[in-house]
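Listed after this line are the structures, all set down as C-alpha cells.
Next come two complexes, and both contain subunit A; in the first it sits with subunit B, in the second with subunit C.
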Partner chain A sequence: MFTVIRSKEAVLQALASTVNRDPTASDYRFQDDPYLTPKTSSEFKLFSLSQESGRNAAKYFISTYPKYFQKDYAQPHIPCLMPETLEAQIEEVSEAALIERIQMRKVKAAVDLYDQLQQAGTPVSLDVTNQLLDLICFYGDCDPAQENEDVQDEPQTKKGRASPCLVFSFRENNNAERIFALLSEPNTHSYSALIRGMVKYGAYSKAFSTYTDLLNNQLKADVSTFNALITAAPEVKEKYNEKWELIVDLLKQMAEQKVKPNLLTLNAVLKALRRCGTVGKSQAFPVISEMRALSIDPSLASYNHLLSIFYKPGAPFQGQTDILQEVMNEVSGKSFTPQDPDDAQFFITAVRICLDTKDIEQAYRVHELLGVGENWRLLGNDFQQNIYHARFFSLLCMMENIDVVLKWYRDLVPSVYYPSSNVMRDLLQVLDTDNRLDLIPQIWKDLKQLGHGNRQTLVEELLTLMAREKQNQEVQETFAECALDIKKMYDTGDRGKVMMSWTAGSLSDLVSVLLAAQRRQDAWEILKLFKTHNRVPSEELLDKFLTCIKESGDVNQALELVQISAGFCLPGTPKLIQRVQQEFLLSEQQNLSFQTHISHNKNSLLFTFSVSDTEKPVHAL
Partner chain B sequence: MATSLVRKTKLLSMVSSQLNSAACFRNIHCTAACLKNRAARIRVAKGDKPVTYEQAYHPHHIGHRKGWLSQHTSNLQGEDGAAERVVEDVFIRRFMYGTFHGCLADEVVIKRRGNLLLICAVMIQKLLPSKFYFLIGYTEELLSHFYKCPVKIEMQTVEEKVVYKYL
Partner chain C sequence: MYRRLLINIYQVRNGLIHTQNTRLPSTKCKERESFAPVIWAPCTARPLGTSSISFSENKENSTSLSEDKEKRPEENEAKEEVNTDGQKSTEISNATLTLQLETEPVDKPEDSKQVEKTKSGKESLLELLGAMKVEVTTVRKIRPSKTPRMSERPDQEPMESTHSMFQHATAKGSQQQGTLNPALVAAVSAAASTLPNRHQAESELLKQLRKHEAVPDTQRRADGQNIGHIIADMKVGGRKTNGRSSARPTSQIRFDDDGKGYTQDRGITGELDAVRRRKSPFTSKRLNIFTAGMEQDTLSVLGPTLWDIDLANQIVQATNQAPRNGFEEMIQWTKEGKLWQYPINNEAGLEEEASVPFHEHVFLEKHLDESFPRQGPVRHFMELVITGLAKNHHLTVQQKKEHIDWFRDYFRQKDDVLKEAEA
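Up next, the complex of A and B:
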C-alpha cells in the first residue's frame, strides 16, 4: 500500500529536472521568503536598488575608517576585500605622484599636478604624459562621478560612472589639446589618445584634422585610431557613397601602413554602414567575407549591426526574411563571450525583427541561443531583459495558441519577467481568440498580484469579456466572484493608489455578469450605483434585469426597476411599463400606485421629449 | 595596598607556621565564577513569560532536542582555530542584534562552509522589505570586508515571534 512504483529512470529524471532554472523561484539576488520576494517589476527594482545602496553604505564606512579592516585573515590574500584608499598618498610634486593620481582616476588633480611639474621645470616622460592624455580623453576632461557624491548637485552631468560628461563637447581650450600642444615629440600613442577622445566626445572634424597632422609628421596610426576614425566617418560626410568612400579610403591607408584590423574594426565598419542606406546593404556581406579571410570572426555585435542594416525599424520588408535565418544558422549552438559593448544589443534586435516579421520559428531559435553556454550574460541589464521578454511574449501571444502561450506564461512569469499591462491585454486577446474565457478569474488574480489591478482600460476589458456571452453554470459562478472582486478594486482607494472611476459600460457589464450567475441581490446593489456615480444604464440592461426579476416573480422589485428607469428619464420606460403590466400579476393597491407613477412619469417624459428627442437625459426632474 | 597585602600574607604564613609545624595550607582559590548550572536557562516563573523553543530547552538538551547554533569544523580532532571562531561568532551575533534591532525572532545560526560564512536568521516582519534588503546588503558587505571571506545572509520572516510555551 505504501510502495510507489517508479520507472527505472525516475531518479535520473528527478536529478535532471534540478539543473534548469526554477520557474517558481525569484531572482537569485533576493531572499527565498514570501514576504521578501518582489511581486511587481517596481518592487524588483526597489529591492535590488536598496540592496545595492546598503552595499554602498558599507563601502562608505569601510573607506572612511580603513584602520579597522586592515587585519588580513585570508590566505591567499584577497585584494578586493581590503579597504581601498580614496585619497592620494604621495604629496610631493613628482612624477610618481602623477602616476598615482592617474591610477586613481582623479582627472583634475592629475592635470593640476602636471601643470605644477611643468612650471617647476621637471621633465615628465612621454609614457606618463601619454597615460595622462588617455585619462583626460577617456573621461572627457572632468572627474568621473564618485559613488559617495550627491549626484543631484550636478543636474547637468549624466549619472553613471563610465561617461559622465556628455554635455562636454570638446571645448576650445580644453586640457587635452593644451597638454598635447606642449609635447615636443608626440608619438603614435599621443595622437591615438587625442583622436579617440575627440571622436568619443563629438569633435569629428577635429579628429580628422589631427589625423592629417599625424600623417604630415610621418607617423603611423595604430588600429584603435583607425577604429575611431571609421566610427567618425559617417558624421563628417553627407551622402551615402561619400561616407563609404571615406571608409574605404581609411581601410586602404590601414593596409598601406601595415596595421592589422581587428574585431572592433569590423564592428566599426558595420556600424558605420548602418548610416549608409542602400550602400550599406550591398557592402555589408563583402566586408564580412573579407574580414573572415583575415581570420576575424564576427561577434554578436557584428550580427547585430548586420541585422540593423537590413531590417530598419518601421520600414516595410520585402523578401529579406532569409537574412535573419542565415544569421541564426551561423550563430545557433555557439557560445559567445563579450567582446564589444554592442554585443548586448543582439538579442533585443533579433527579437524585435522576429516581432515585426511575425516569425515565431526564428524567435524560438533566438531564445534557444540564450540557453547555450554563457550567452545569458549577453542579454544586458534588467531594463534590456524586460524589453526582450516583453517582445518575445507579445510575439507568442500573437502567433501561438493558448496552451503554448500558457506554458510559456507559467515558465516566464513572474520568475524572470513581470509583464506590463499592454502585454497582459495581448494575453486576454489570446484567451478570447481561443475561447478559453474560463481562465479569466485566474488571470485576474495574477493581474492583482502584478500590480495592474487598478488599470482602468484593462479592468474594463476584463469585464466586457466576461459579460459578452453566457457561459455554463460553474464558469459563471467563478465569473461572478471575480466580478465582485473587481468591484472591490473600484471602491478601496487604499494607500494613495490610482482610483478608477466607473463608466456606464463597466457598470452594465458588471450587472450582466451577476445577473447571468443568478445573483440578483448583488446586481440590485450595483444598479443603485448608477445613480451615485451619475451614469445612465442602457435599456437592454434594464430589459435583462426585468427578465431576471420575472423569473423570481418579485413584483415590488419590478416596480422599483420601473421607478429607476423613470428616474433616469429613459425613453424605453413606456415599454418597460407595458412589460410589467403584461407579465406581472399586480394587486389592486400595486396597480393603483403604479398608475399614479405612470401618470406622474408621463408628464416628466413628455417634458423631456419636448426638449429634444435625441439628447439622452441625465438628470431627473 | 599591595605592600599591606604582602605584609598580611607574611603575617599569616608566620602565624600558621608557628602554630602548627605539620601545616596544611589552605590557599585562596581565585577563578572566574562559571555558574554552569544557571547558563542559558530560563527558570519557571508565574506563567506569563513567552519563551521560544530555543530558550525553553536547556543546554543539556543540545544534541537531543535542540541543534547547534554555530556549525564549524574546528572542534574536530586535529583542527585548530576554535577560539577564534567563538570570538567571531560573538561579534556576529552582537552585530546582527544591533543592525536588525528588534527584528530578530530567534537566535542567529552561523554555518561555515569552506570559507563561506552563512548567517541564517529568522526575522519578524517589522520593517518594509526594501529596508530589510538595505540592511542585508550592508551587513554582507561590511562583514565580508571585516573577516576577509564571503558572507551570505539567509533570511526567513515570520509575522510574530513563535512562542513555544509560557513560563
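Up next, the complex of A and C:
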C-alpha cells in the first residue's frame, strides 16, 4: 500500500494543465461580465485596474472598521478574510510591545518605544534591536505609507509608495546609526542591516566604510551584505576596470570569509557588469562559469543582465548576434521559477534584441520558451506583456509573409494583445507587400474594435490602399462597404472622441473606391462633400467620374459634374466640357443650358480656354 | 520594408542568373542541361555547409581568373595533349567544384564535361549558392563535426588554406579524378575561415607551395610545363579573394554573386561563422575565486527577516500572478486558505481532533463523578446533558468538557438554593 503525499493544489494543478488558452476569449479576469470585456488597450487597463482597486477598497474598509467584521461564519476558520489589526494592542513599555510595533512596521513608534526602554534602563536583546535596525534601514527611517491610504490618494500603487521614502537619502546621524552606535557589541546582523540600508538609500561610500568598520571589529559579513556591496560597487568607482577590480576584491573576501554566494550574488555581479563597458563583455561568462561551479544556476534575470551587457540599445550589433542564440540554447525548454525581481525583464529584453537584429528565428524560440511550464508568469505585468507582444508582432510584420502574420494575429489579437496604431500600420504594409489587399475590410473591422477607427493617418492609409489598384468585382464590393463604414466614422465622431477631418486625398480615395464598385450614387454623395468641407477634387478624379457616368449615360449628372468642376475653378474644366460634348448626346435644352453655362463661365473670366475649343463641337451637334 | 527589399533582391538575382543562362552558347546549354540537375540534386538532398561552398567559390574565382590567363598560351602550345598540365590546371578548378559533390557517385561521369566547362561550372555554382542560402538546417548538421576537425588541424595540416587545397587538388587530380579524401574535404572546409593572421599564413603558404614545387615530380614536369607558374599565378588571385574573405566573411557569397555588396545580412553564413569561431561561451573558463563544495559558516538564522519578506514581495509583484483560468484561480484561493482543499476531506480543519479517540467523545460519564450529586434531579439533568453532548459532533472534547464544567460551576453557585428546595 502506498500513499502518495500530494500538495493541496495537486488536483487543481492537474486540472489546470488540461486547459489551453482560447485565442477568441478575453483574459480570464474579464470573463465574469461580458459587458466588461475590454476591446482596446485603454479599456483593458481601466478594467483591470478598477478590479484591483475594488479589492483594495474592500480591504481598506475591513481593516479600518474591524468591529463590523468580527462575525466568523467560516468553518474551518479562514484567517485571511478577517480584518487585520492596525492598532498596537500592548500599551505598556516592554520588549514585547517593541516586537509588536516592529511586526506592524511602525517605524516611529518602535523607535520611540526603544528610546523609552533605554531611558528606563530596560535592556533590549540584541535580536530585537537588530530587527529594529532592519526595520529602520528598510524604510529609510520614515514610516511606510499605509497601503490603504494609498488606495485613496493615488491609484498608481507601488511607485508612489516607495518614492516619498526614497526622497530622504540616508541622513547623517539618523535613528539607525544612533541605535547602532548604542550597541555595545554589534554583530553581523546589525552591520548587515546598516549596510543594506545605506546601499538602498544611496549612501554607497558610507556603506563601504561601514564594511571596513565591520572588518576591524573582527567580524564576518553575510552574503546579503556582500550582495549589497557588489550592487554599490559601480557607484563608488569611476573607471570600468576599477569597478571590476572592486567587485573581484569583494568576491575574494567572500571566499576568504567562507561566505557562500547565492543566485542574488551572481545577479548583482552581472548587473554591476552592465555598467562596466567592455570589461563586462569579457568577464560576464567567467562569472557565470564560476557560479556554475558552485552549482548556482543562472536565473532569467542573469540571462537578462547578460543580454544587456552585450546588446546596448542603439549600439551596432556586429559579432554579438550569436550571444542571444547561445543564451537561447541554454534556456530553451527549461521551466523557470521566479527567483529575482529582474527575472521579469528577460522576455522583453530578448524580444527587443530579436527586433533590433531582425532575428525571427530566435524570436520564435523566445516565444516558445514563454510557453514552457510556468514561464508565462515571468513575462511580468500587463504593461510588460504589451511591450513584449508589440515587439514580437512588429518583428513578425517585418519578417514574415502575410499568412504567417495573420496566423499570429488571430492568435494574439485581441485575447492577449491590443495592437497600437503603429503596429496596425505595419500590418497594412504587410498586406500591401504580399498583395492581400482583399483582407482590408476585415482589418478595418478589427481596427474599429480596437479603437483605432479615428486615427486619421491610419484611416487615410487604408483608403489609399483600397483606392490604389483595381481589384476584382467581389473585392471591390466589400471595399465599397468598408469605405462607407469609414465614412460613417468620419461623420459620427462617437462619444467625444477626436473627430477626423476630411482631406482632399481621403475624399478622392473614397470616391475612387465607390466608383470602382459601380456605386455611382454613393460616390456622388461623397463628391458633394468636397464642397461642404472646402476641399478641391483632383482633375483625374472628375475624369474618372465622368467615365463612370458615361457608362450609365446619365447626361444630367454629367452636366452637374461639369458644373461642380467649374465651381471649383479647376483648370481641367474645358477638357471635361469637351468630353461631355463629344461623348454624350445632349438634347436641345440641355445644349442650351450647357452653352449658357459655358458662356457664364467665360464671362466670369475664370477660364482661359479659347472659344473655338469649346464651341466647335457644339456646332457640330 | 526590410523583407520587401530582400524579396526584390532575390528577384533581381534570380533574373541575373537566368540571363546568364540564356547567354550561354547553345552547345553549352545542352551540356548544362545534362549535368545541371545532377549538381542540383545533391545539393538539395545533402546537408552541405555553405562554408565549403563559399570557400570553393573563392577558389573558383581565382582559378578561373588565372586559368584565363593560362589557357591562352597553353592552347597555342599544347592544345591536343590530353594529359597536359594545362588540362590539370582546369582540373584544379574542376576539382574544387566537385569537392562538395564528390561523395555523390552520380556526378563522377560528368567530371569530364565540367573540365571543359569551368565557366558554366561557375554559373552553376552561383545557382547552387543561391539555393543554399535558403537551407538553414546545414548549420546544425555541421556543428557536431566541428570539434574533431579543429583538433586535427594544427598537427596534420598547419597551413590549411585555399592554397594547400590547390596542392591537394592538383596532386589528386593528376592521379585520379574526383577521388578526394572526404576527410580532406572536411578539413579544408573547416580551414576556410580559420585564418587568424592572414599575412603570416599567406607567406608561410607561399613557402610551402614553393617547397611543393621543388619536390621532383616527373609526371608533372614531363611536358616541360611548369606547374609552379600556374600555382604562382593562382596565388595572386588567391590572395585577393582571401583578403576579402577575412575582411568580410559573412557577406562573401553575396559579393561574388551579384557584385553588389549589401550590408545588413545575418544569414546562415553569419551563424555558421559564429559556430566556428568559438565554442559555447557558457563553457568558458571560470574566475577561480571560490572553491566548490565550500563550507559555509552557519550563522544563526532567525527565520525570514524583513528584507527576505520584501524580496519575496518584489518577486511576486514583478511577475504575472493573474490566473488564466478557473482552476488557476482556485489554486490561488487554496493557497490563500479560502477554499476547501482537494480532494475533499470532511475532516478538514479538524486536525487537532484527529488524535482524539472516539470514546472520549461518547462516554462522558466520567466527568460527572466528583462534584455532582449521585442522584436526584441535578444528576438526572446532567445525564441528559452528557447524552446530548455525546451526540453532538460539532464540539471538540475540550469544548464538551468546558460545557460540563460550566454546569458544575453553576450548580455549585446555586448550591444553597438547591439544598433549600430539597431540604
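To be clear about the criterion, the second predicted complex is superposed on the first by the 546 of 621 C-alpha atoms of A that agree within 3 Å, B and C clash if a C-alpha of one lies under 4 Å from a C-alpha of the other, contacts with A are read in each partner's own complex, and residues count from 1 in each chain.
What we mean here is this: a contact is a pair of C-beta atoms (placed from the backbone, for glycine too) under 8 Å apart; a residue touches a chain by one contact, two chains touch by 3 or more.
Only a predicted model underlies this, so the values are computations on that prediction, with no experimental measurement involved.
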In the overlay, answer first, second, both or neither for which of subunit B and subunit C A:L378 touches. second
Based on the superposed arrangement, let me know which partner A:D115 touches: subunit B (first), subunit C (second), both, or neither? neither
For A:P83, decide between first (touching subunit B), second (touching subunit C), both and neither. first
Considering only the touch criterion stated at the top, classify A:A293 as touching first (subunit B), second (subunit C), both, or neither. second
Comparing the two partners subunit B and subunit C, which touches a greater set of residues in subunit A: C
Touching A:Y35, do we find subunit B (first), subunit C (second), both, or neither? first
Touching A:I62 in the superposition: subunit B (first), subunit C (second), both, neither? first
Tell me which partner A:P341 touches in the superposition: subunit B (first), subunit C (second), both or neither. second
Report, in rising order, the residues of subunit A that make contact with subunit B in one complex and with subunit C in the other. 78, 81
Contact footprint of subunit C on subunit A as seen in their complex: 8-13, 15-16, 19, 21, 27-29, 75-81, 105, 127, 131, 134-135, 138, 158, 188-189, 196, 220, 222, 224, 248, 251-252, 254-255, 257-261, 283, 285-290, 292-295, 319, 321-323, 325-326, 329-330, 338-344, 357-359, 361, 376-381, 385, 398-401, 429, 433
Interface with subunit A, subunit B side, in the complex: residues 115, 125, 129-142, 144-149, 153-157
So in the complex, which bits of subunit A are touching subunit B? 30-33, 35-36, 38, 43, 46-48, 50-55, 57-59, 61-62, 68-69, 72-74, 78, 81-83
Using the touch rule from the top, collect the residues of subunit C that touch subunit A in their complex. 1-4, 7, 136, 264, 266, 270-271, 274-275, 280-292, 294-297, 299, 302, 305-307, 310-311, 314-331, 334-338, 341-343, 348-350
